[in-house]
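Scroll down for the structure; my scribbles are underneath it.
By written order: A, B and C. Residues from 1 in each chain.
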């Protein structure tokens, strides 16, 4: 009889972090993944550790998680680069909306400063002319998620977690999991399967939100910060069927990673050149040198979207020992570590570092 | 076709690739009254095997057709034009200063083949080139006079390359074929059935009189500091070192099927590398799209030219004329089968790369870094193998030949392309 | 045969008209670029698929030297001539 203190289903960055934190807490962990570790949204992601301030619960989770991410700052495989985020205001009106954002960030303990137009160009000389100013969040960083997810799982396994790779969960019973090879595993179970959540927990509303990314050839020095338009949050928190927002990141070797696009209603991973065209056109407005740079690769990914944009973190109502950590939309990388701590703290009846209630799945359980 | 920014042109027959197959397709279709646009990324027609030599022009076998191409009023050639995307009946083409969306009624894919480069210690040193690679470079002005060159690898291409190098004043120290003497002798004997091929090979041998042609030999290592200084050759009698300036080494050809894959054409995977599947009219599985030449499987210039003609005729509806050529096409393809049979690679060549030998040249990923990954995508994400400029063409072909990982699927952009070009493909 | 003059890392190099930038670079140096691990690299395939012959031509980075015809006045920068590697 295979009994565990925690069975983690799904080893994207969120599940991997959960397995890691659980194993570090001395729990006997079983970790299950049907595909490749970190092979879903984790592999497609930009790896941006960013404090979004519109939702206070999300901001608290992100700020907490960014503190936890410091641990990876000196680990080479994480490729942690504290390049900061530079939010760009196109108009005086957008610039005026920065004050309340500053207040929220400061209240959450996130360093941030307003930037006037001359400072803006000092910070990023490549920006288009006539921008009003912006907001600099200097401690935001960028990491490389696929290798981190693998390392988190490896770390858990070094602490005697058992790995079931290439195995799919066929049934979830009370305190028991049935795998597709007939194996039964017993113990509290945590579902962290991202966009595949409805397969196991159809009562939790979750929609995949397709995104596109383009990466260029290396252009060292072209960009120093991850740069986004202030309207990005409208795209992320909005509910329109499709939208684009300017979001560009400098990669370690000098490549530029260009986003962002959001689309509901498509489950095909095929690249849509129409969406890519819209996304690039938007980016050209902010970085005039972009059109002449060389693109190397285009790919898509799916963000798992919950009913209200916040992840589902916590116990499943009416079920003993069933937990969920999924639905992170575009903040999966940022909030993976805090999600894991929040979950494991609740599992072990420890006092979590932030209020867990805004994330409880009961709010959306049908 | 106008060069206006992103003009959406419409073309009756679009031929992609101006080597023997593409040129033949264009000429055959034009002769039937079709208006043809022929595109190629190179600065002029010829592809690989008919490449224009700055000093010596084009091969005699190519002159008639290339002259006909230039004379044809119905064929518009667009050179320095790289296809970077396609789909929905159009191709996205990038030129040095511009980009265009070209809509077509019919398309012939004649994108040829690239050389199979296999890894061994020192293969990334400046001075180590493909066998066809050095030939191509030299024809386009690369200074080789007085340089000492070792030619190695596999196939009749080695002799062709060595002959060109000598013509340009290189000191060809030797041609080292990995196939055994018995296999090469059998190949030469079988060639007697194809008079034109036999003559060609014999002529090459003559021109190389005085140059050692050895069989059953392969390079195990290249040595040097900031560039190549010597190679170590494995022979039936043991290994020995040869001081040299260049190692021109190639192990055959790999079809350039990326455009066809992107368009959704069905492939055939009967060897270690995919080629495009076609019916007897050389139509692919995608409506209105045809394929001819090396993309259907490595077969040489003769079968490429015949197939180009068939595809060009079929594309414009001249089915009887296309069918009439099938006998010649089948005969030409038998030569291809001969090649595969007699020049199969010695498996020891697959074991030359060590753990610290670079496999992904673009991202400097050594063979050892790939250990422990069971699927190509995980290996790529973890090591960056295949994420560089060549988009997995070189390392992908290596790993497919070594049967380690399958070649990754083609994606947009097919080649690095300006962002402005991609933005236009909405 | 007429010739063109272009600049490889600020050095004037003359090649026959119609020659590629790769030919001009090879006249000046054996090193086209430097790999991500710092190793010298040069042209290999001669046909634009290996991307080892990348140089900067005038304002454009990442140009395949073997696919570009040398023109009068071109300013080509190899690894040796650039501050950051490629």
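In the analysis below, a residue touches a chain if its C-beta (ideal position, glycine included) is under 8 Å from a C-beta of that chain, and two chains touch if they have at least 3 such contacts.
Everything quoted here is computed from the prediction, not taken from an experiment.
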Furthest chain, CA centroid comparison against subunit C: A
Chain closest to the assembly centre - both centres taken as Cα means: B
Subunit B-subunit C separation of Cα centroids, rounded to whole Å: 22
Between subunit B and subunit A, distance of the C-alpha-averaged centres to the nearest whole Å: 43
Whole-Å separation of chain centres (CA-atom averages), subunit A against subunit C: 42
For subunit A, residues contacting two or more additional chains: 217, 292, 294
Per-residue overlap in subunit C, given as positions that touch at least 2 other chains: 36, 62
Touching two or more other chains - residue numbers and ranges from subunit B: 388-389, 416
Subunit C contact footprint on subunit B (complex, rising order): 41-43, 48, 54-55, 80, 96, 114-115, 117, 124-130, 132-137, 140-143, 226-227, 256, 358, 361-364, 388-390, 393-394, 415-416
Contact footprint of subunit C on subunit A as seen in their complex: 217-221, 253-254, 292, 294
Touch list for subunit C against partner subunit B, complex: 1, 15-16, 18-20, 22-24, 26-27, 30-32, 35-37, 39-52, 54, 62, 66-70
Parts of subunit C lying in touch with subunit A, wherever the complex brings them together: 36, 60-62, 84, 86
Residue numbers on subunit B that touch subunit A, as the complex places them: 85, 87, 375, 377-378, 381-382, 387-389, 391, 411-413, 416-420, 422-426
